[in-house]
Amino acid sequence: MNQDRIRKLLSEVKQGGVSVEAAIKELSRLPFIDTESARVDTHRALRQGIPEVIFGLGKTPAQIAEVAAALTEAGQPVLVTRLESGDAKEVQKVVQGGVYDATARILFYGSDSVDIVGKGTIAVVSAGTADSPVAAEAAVVAQRFGNRVERVQDVGVAGIHRLFAAEEILRAARVLIVVAGMEGALPSVVGGMVDKPVIAVPTSIGYGVSLGGLTALFGMLTSCASNVTVVNIDNGFGAAYAATLINRL
Amino acid sequence: MNQDRIRKLLSEVKQGGVSVEAAIKELSRLPFIDTESARVDTHRALRQGIPEVIFGLGKTPAQIAEVAAALTEAGQPVLVTRLESGDAKEVQKVVQGGVYDATARILFYGSDSVDIVGKGTIAVVSAGTADSPVAAEAAVVAQRFGNRVERVQDVGVAGIHRLFAAEEILRAARVLIVVAGMEGALPSVVGGMVDKPVIAVPTSIGYGVSLGGLTALFGMLTSCASNVTVVNIDNGFGAAYAATLINRL
Amino acid sequence: MNQDRIRKLLSEVKQGGVSVEAAIKELSRLPFIDTESARVDTHRALRQGIPEVIFGLGKTPAQIAEVAAALTEAGQPVLVTRLESGDAKEVQKVVQGGVYDATARILFYGSDSVDIVGKGTIAVVSAGTADSPVAAEAAVVAQRFGNRVERVQDVGVAGIHRLFAAEEILRAARVLIVVAGMEGALPSVVGGMVDKPVIAVPTSIGYGVSLGGLTALFGMLTSCASNVTVVNIDNGFGAAYAATLINRL
Amino acid sequence: MNQDRIRKLLSEVKQGGVSVEAAIKELSRLPFIDTESARVDTHRALRQGIPEVIFGLGKTPAQIAEVAAALTEAGQPVLVTRLESGDAKEVQKVVQGGVYDATARILFYGSDSVDIVGKGTIAVVSAGTADSPVAAEAAVVAQRFGNRVERVQDVGVAGIHRLFAAEEILRAARVLIVVAGMEGALPSVVGGMVDKPVIAVPTSIGYGVSLGGLTALFGMLTSCASNVTVVNIDNGFGAAYAATLINRL
Amino acid sequence: MNQDRIRKLLSEVKQGGVSVEAAIKELSRLPFIDTESARVDTHRALRQGIPEVIFGLGKTPAQIAEVAAALTEAGQPVLVTRLESGDAKEVQKVVQGGVYDATARILFYGSDSVDIVGKGTIAVVSAGTADSPVAAEAAVVAQRFGNRVERVQDVGVAGIHRLFAAEEILRAARVLIVVAGMEGALPSVVGGMVDKPVIAVPTSIGYGVSLGGLTALFGMLTSCASNVTVVNIDNGFGAAYAATLINRL
Amino acid sequence: MNQDRIRKLLSEVKQGGVSVEAAIKELSRLPFIDTESARVDTHRALRQGIPEVIFGLGKTPAQIAEVAAALTEAGQPVLVTRLESGDAKEVQKVVQGGVYDATARILFYGSDSVDIVGKGTIAVVSAGTADSPVAAEAAVVAQRFGNRVERVQDVGVAGIHRLFAAEEILRAARVLIVVAGMEGALPSVVGGMVDKPVIAVPTSIGYGVSLGGLTALFGMLTSCASNVTVVNIDNGFGAAYAATLINRL
Amino acid sequence: MNQDRIRKLLSEVKQGGVSVEAAIKELSRLPFIDTESARVDTHRALRQGIPEVIFGLGKTPAQIAEVAAALTEAGQPVLVTRLESGDAKEVQKVVQGGVYDATARILFYGSDSVDIVGKGTIAVVSAGTADSPVAAEAAVVAQRFGNRVERVQDVGVAGIHRLFAAEEILRAARVLIVVAGMEGALPSVVGGMVDKPVIAVPTSIGYGVSLGGLTALFGMLTSCASNVTVVNIDNGFGAAYAATLINRL
Amino acid sequence: MNQDRIRKLLSEVKQGGVSVEAAIKELSRLPFIDTESARVDTHRALRQGIPEVIFGLGKTPAQIAEVAAALTEAGQPVLVTRLESGDAKEVQKVVQGGVYDATARILFYGSDSVDIVGKGTIAVVSAGTADSPVAAEAAVVAQRFGNRVERVQDVGVAGIHRLFAAEEILRAARVLIVVAGMEGALPSVVGGMVDKPVIAVPTSIGYGVSLGGLTALFGMLTSCASNVTVVNIDNGFGAAYAATLINRL
């Protein structure tokens, strides 16, 4: 339920088209919907202008389908992240329709085209092939949240001429999401090339002392480029969320 | 390009051998200035629209003074962070003038009033008395970078009514910086209350398993509020820097 | 004292050679029962008024069944925690009967209804859907140990109005168990809302720097709410055990 | 401000002795008092029945004195923990009076004798001489919060007959606080001896792999005694706080 | 090849029964045997009086069989540790015979009975059912190395009367191996009960902050009982090896 | 520059429109090739004289085949590391031919014999049987990069006479790669025996506090032999790469 | 049993009311002596044949002197470890006499010569100059506990011929204590050279990833020499204690 | 004592100028010299062609002076690293002469000019002002070991044009030492720019999650540039040592 619907409801109340009792009932569904296993925060769409997203990791297809159904019934779009393809099929059996992006591991329900509400472009930059799933998650989420997205991929710092070839795209972006595993040095270099906010996403890609992404994370947090802020390991979704809010300013 | 070349260029301008326009063009391409111990990146002010800031931690007063003098000569404002009061006095002996803020541990040179170039307000929210120095650093830097700043302090999550009393200020901000030590839960709660980007700053305040700020940092990175991005422990400066770029969008 | 001695004692009671009173006295001094692979501490039920519980993790169904049989023979109720459903079926093949709760992963033998010996209500509060198994373990164990239990679920701190909607239940409880993964901030907020002891249970739910629950654990230990004490990651059982003792005071 | 004072105020309003305006003014001071650097939560005394305590670590004597003065003016008792003797003297220069306990590192203001509101005895058990400051903090705080306290000290597990000599005291307690550094094994053994809640406090005492108390903390969290819950390293105050709430049940 | 065989060989040389050339050839096989993938240290039996043991973890059955065959050919007994039952069967297909102990995960070749060369008894004490495999490894290895072994099991510190029931066995031992997971407190308590060397073996049993055995390990290393030394997590073999050398003194 | 341009260029050479010299010049400036999912750095072969190597871990066979095909088409040799045998077969279905080394887990395409361009011999020394895969990776890569390679294996420090038997080979090498797991002591001892650079490779082999290779890594970094530098855990490839560059000096 | 009872008993012996035999029996059951701040375990001398040792770290000189006086009065020798020279002087002011060893940081009271009760020699081997204090602690304690001690120092593994020069001493020892910091490889090499128990002592000497001794500790625990057991970082005392018990077997 | 001196000695023996007895005595001093507290490895100069270096950290001035005197007497040059200026003065009081470099914290004795034996230039590249001491240590040691050294400083990756300005120097070097703190990204970028071996030195400079250099270290070890090997945190000496051996090849 978005602000337009609330505004419309209140106007109808004012004009007598909807009784006070009916409006109260409608609005009382607002803050959250209690399903059997979850309290769905439909209010958040109101508070932040972004619909509830279902984080798939650690949830069963049944639990996901339950929430997805509640949201769909409430007339809201649905976005499920971190969903393996097998589980996506299970969900789609219960809640028909939806589009599944296998690289980004995202399932969404709603209109195919999304209104662009972001003011500029969000660049999603990634270092290696193995970082693709996280970068794809960031790109798909940002796109579904109403942003123009540009992808720049496979531009690791050890072959830095590859990165410079994309300089124009980087400089044209209003916000940048930089995804990297291993030593996580890419956001520092990109951060030094632009004068826009950079959101760094460490990935769990690597071995040995990459420590499941901790080294990339710590490298990004200690970046010598001051326009870099950081989200949790593999959290492409969070980066897209924050970038979306920034791009709407 | 070294100081001799700058000196020569400025002499030629003075004597009419080089036009003002030509000199501006020449100077705008200035990549950096080599001092005895550092290569000062005066270019960054051009690239990112924010002047070079000297990070005081681990530098001797002499090294700081050397860079500060180079910047002052180049007509740039100077901002030194993480500078203890004794060291600030040493620097001020060499580079006269400047204002020192003891809570924020910041020394700056330049005009007292700063042109406001940020479009909205940056709220700086902090949890406990002990987090004050980091919050003050963020607030002073944000103000020096041309932003309106609002402070909300001592609003820890265990007495959550204190936070709610400041809800209006939080909602009015365009960007929020939330500073917290211990379990670092404040950004999650604030993040859930607003629909704007929140930059979380963990502090090293605490004991036992606060682990010098690691617990607050990790808590912020795993925040269930998706509009939260994070900077390094005690990095009030970095939060202000990123918030400044966002506030200029 | 081994099984032979118990068998002999019970035979003598049956045959009248030993009075019931004498047998009770004898049995109450029973320190433990030696099975093939374990020394079962039946004495603990006497010392702490709570029956022996079998921790299923890392034990084979055969080992569990052996102990369960010994306890059942001794006339004691049996509670097996951390038991996957497949293993539960194996145990139930050997020791017939029993009820298995799939969410809580608990198998118990004994009367369906339990005498309420706890003086008040234990509230079991959890943050996210994924924390359900641990919260369920705490709730089922607390109920089996003779407490009235109230569940409040899916009340994460980033949508704090959901938590406030349950304030009445929280304030009515005599002891609270608060279960949370990720940043583990929920116990701090709940702790600030009530004047009763809060036992916090971190869960291993999360990814990246949630570090298998360490971040939630450390966040809870550094909580700014002073009425919070903490148990090991995922230890819903331990929280219920301690809450039970407190609720009997 | 305690509940009695609020009740009295409201009675006076009812009987006309206090005007509604005056009462509103009085009550409006209730939730918190803003001092220059802190928002003092005088409301907490109302919410939890325990006065605000000032955590001295990381605060300057001036900051502490400011809060202490505000509380004293509000007619509340004051308890400052983690205060080194030199700093205590500084505080006492500003806020005259007060008693300083050097072992417990606690400064308090208020009546010498405290009304006993705890229903039973809190036993404070410690393992080694070096754990004394933390045990003393727990004991003094518990006593100031209105509990009868029994101390048992220097009863490490490697000379376990020393512990057994105190068995009677342990069994008589309604709640137990067990303080230990090094391997932190004492709470397990004590926990197995009693049927009451045990709050374990790891201390930072030790060297090498005691890791500043982490080993003791982790040992306590993995205790095989299920009646043990744990607080942060060196957090004698928190243990006393939670024990106080339990002892009032 | 043991010292007796060397002595016999040299005697035969002296008496002319073996030519110098033949003896050189024989002895030249002494220091080690090169197989395709390993350099087998048959010399160690000579240096330390204990035969080469094959550590099975991370080796393929083929690699193990290759070394086992080489040792068998050299007339030496063979002991393979950390060998899962499936792999054991694979090895036994190649090197016929051998006895496999499923609990201890040990496969050995050689005479069924072993000459007792240890002067006293080695007690192997373990805390919980789940520690059995490590304790069994220690016991079987110690027995195969020629020691009398006494087992005491399931004597955790939270039910300490169970441990005291075994005091006589503990005091009678010449060396003690104490195996424990979780908080690893058992060696401290046992260490305080005896005046003999105690070798502590942490196990990887546990969950949450047991950290795969690190907490038990660190607890044992910080034991307040000074007669405790420690080996690596799950290293029942190493404990038995060291105990064997001590028991031969 | 994309494949179309290369195709066009080569056609023009074939048809005489572009001279061989001009084409070489053109091609030598080739920065990289964009495939669907990766930006292949063919330039590196020119910059460092060593062909692009595909790191197989975390890539799908399809992704690997895509890059391998691009390189093969560009007339470059291909070397894929960390490739399990099943995946190798998948790749070989797409890009026919190639040789797979199962111990080293390496698949390569190109001529069977490699021109020796290294000036001396690289010794690859390993401690235990279980370190073989990493040592084999180092040896095969070094050989494919044009070096003479000598293998010394199974020479752990606890049987140090085995190592001394290989002293001549060690001293004859121009660069040494020393591979070890567990405590990682071998590079220190080897480092002390030679006056040449030693590259230490920790392996993830071990259990308990070997911590997946961290202990070996840290041991090597704190080596008391100053001629030792270190690469990431299990990084046999990196060691061979650096050794190759050194051996070409 | 408190001091008054001891005083009374001794008076009765003096006056003939209690026979010497009866008094010995009485005193031998003395569990411990309560001083103001500690419960001194004089019983341990009887249980383990080794007198109580005062661990100086973290105790004030006053606390140490109190216990030392109690032990001296009880006619027991006193050994204080980890005592800085300034504190030693403070203790000696209160308890006159005593000998202070500055390298070993040990103060002891009692007869200059100690009866040799150990059956063989304990070798104390150390790697670097910086490890001397810990090695000295081990050597002095072992000597005071009645053992013959041989010192071998500065025999790091990177110059292994230095170690071999001491082979005879190593082989002649009945027990070996090996002290090393940095990578902690020395015990592995020594362990491979002898067939006796080796007790390894990691030291906190080092920088960077020596991690305050953790790397040495972990290296020793993962030693490939199976006759090595380990004590806590810098715990020369514990090594000497365990070695003493072994040397008495 | 270097190989020339040994050769000369042996020639004199051959020619009769030195008696066999005298030569034996001379040579017997070769392997090491025992001073009171250290066994000085003068042999190493022979084995590796680089004189013994005294690591000053953790040694007293007296211990350093003792070894320095022994080396000076043996006619060897002396190099003491990690020596604070106050301690250097103490050493120079005992062993007169010597040159102290305050930035590099190095004291050396020997001829002012050193014969250049390295075949090319060693570039020492550093990221920030604060990394200067470690870079200076590497540069001074490399110079004293007979190498031509080029310094490039203050070229952090966030202002990457500064680094590119030095590209010519980087490409001209035969070996590169790259020193960086914080995220440690510099070696990756430099490594990608050259085809020579790069030795990375992490520094302990930084705060928060720089973790005393661990983040820089791990970043370097996971570098995507394959020509990078790494030494311990702050180990400028080790880097120079290895670079020297490489530069002599």
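A, B, C, D, E, F, G and H are the chain letters, set down in written order, and residue numbers restart from 1 in every chain.
Keep in mind that, in the parts below, a residue touches a chain if its C-beta (ideal position, glycine included) is under 8 Å from a C-beta of that chain, and two chains touch if they have at least 3 such contacts.
Quick caveat, the model's predicted, so the values are computed rather than measured.
Its interface matching that of C-D in over half of the contact pairs by residue number, A-B stands out among G-H, E-F or A-B.
Two chain pairs, A-B and G-H, are weighed by contacting C-beta pairs, with A-B ahead. Between the Cα centres of chain D and chain H there is a gap of 55 Å. The distance from the centre of chain B to the centre of chain C, each centre being the mean of the chain's C-alpha atoms, comes to 50 Å.
One inter-chain figure worth recording: chain B and chain F are separated by 44 Å, centre to centre, where each centre is the mean of the chain's CA atoms. In chain C, the residues touching two or more other chains are 159, 192-193, 208-210, 214, 217, 221-222, 226, 232.
Every residue of chain E that touches chain C in the complex is listed here, in rising order: 129-130, 132, 153-155, 159, 161-162, 165, 205, 207-210.
Those residues of chain C that touch chain B in the shared complex are 127-128, 156-160, 182-185, 188-189, 191-193, 206, 208-211, 214-226. Chain H makes touch with chain F in their complex at residues 47-50, 53, 119-120, 174-175, 192-197, 199, 217, 221-222, 226-232, 237-239, 241-242, 245-247, 249.
By the touch criterion given at the top, residues 31-32, 37-39, 41, 43-44, 57-59, 63, 202, 204, 212-214, 217, 232-235 of chain C touch chain E in their complex.
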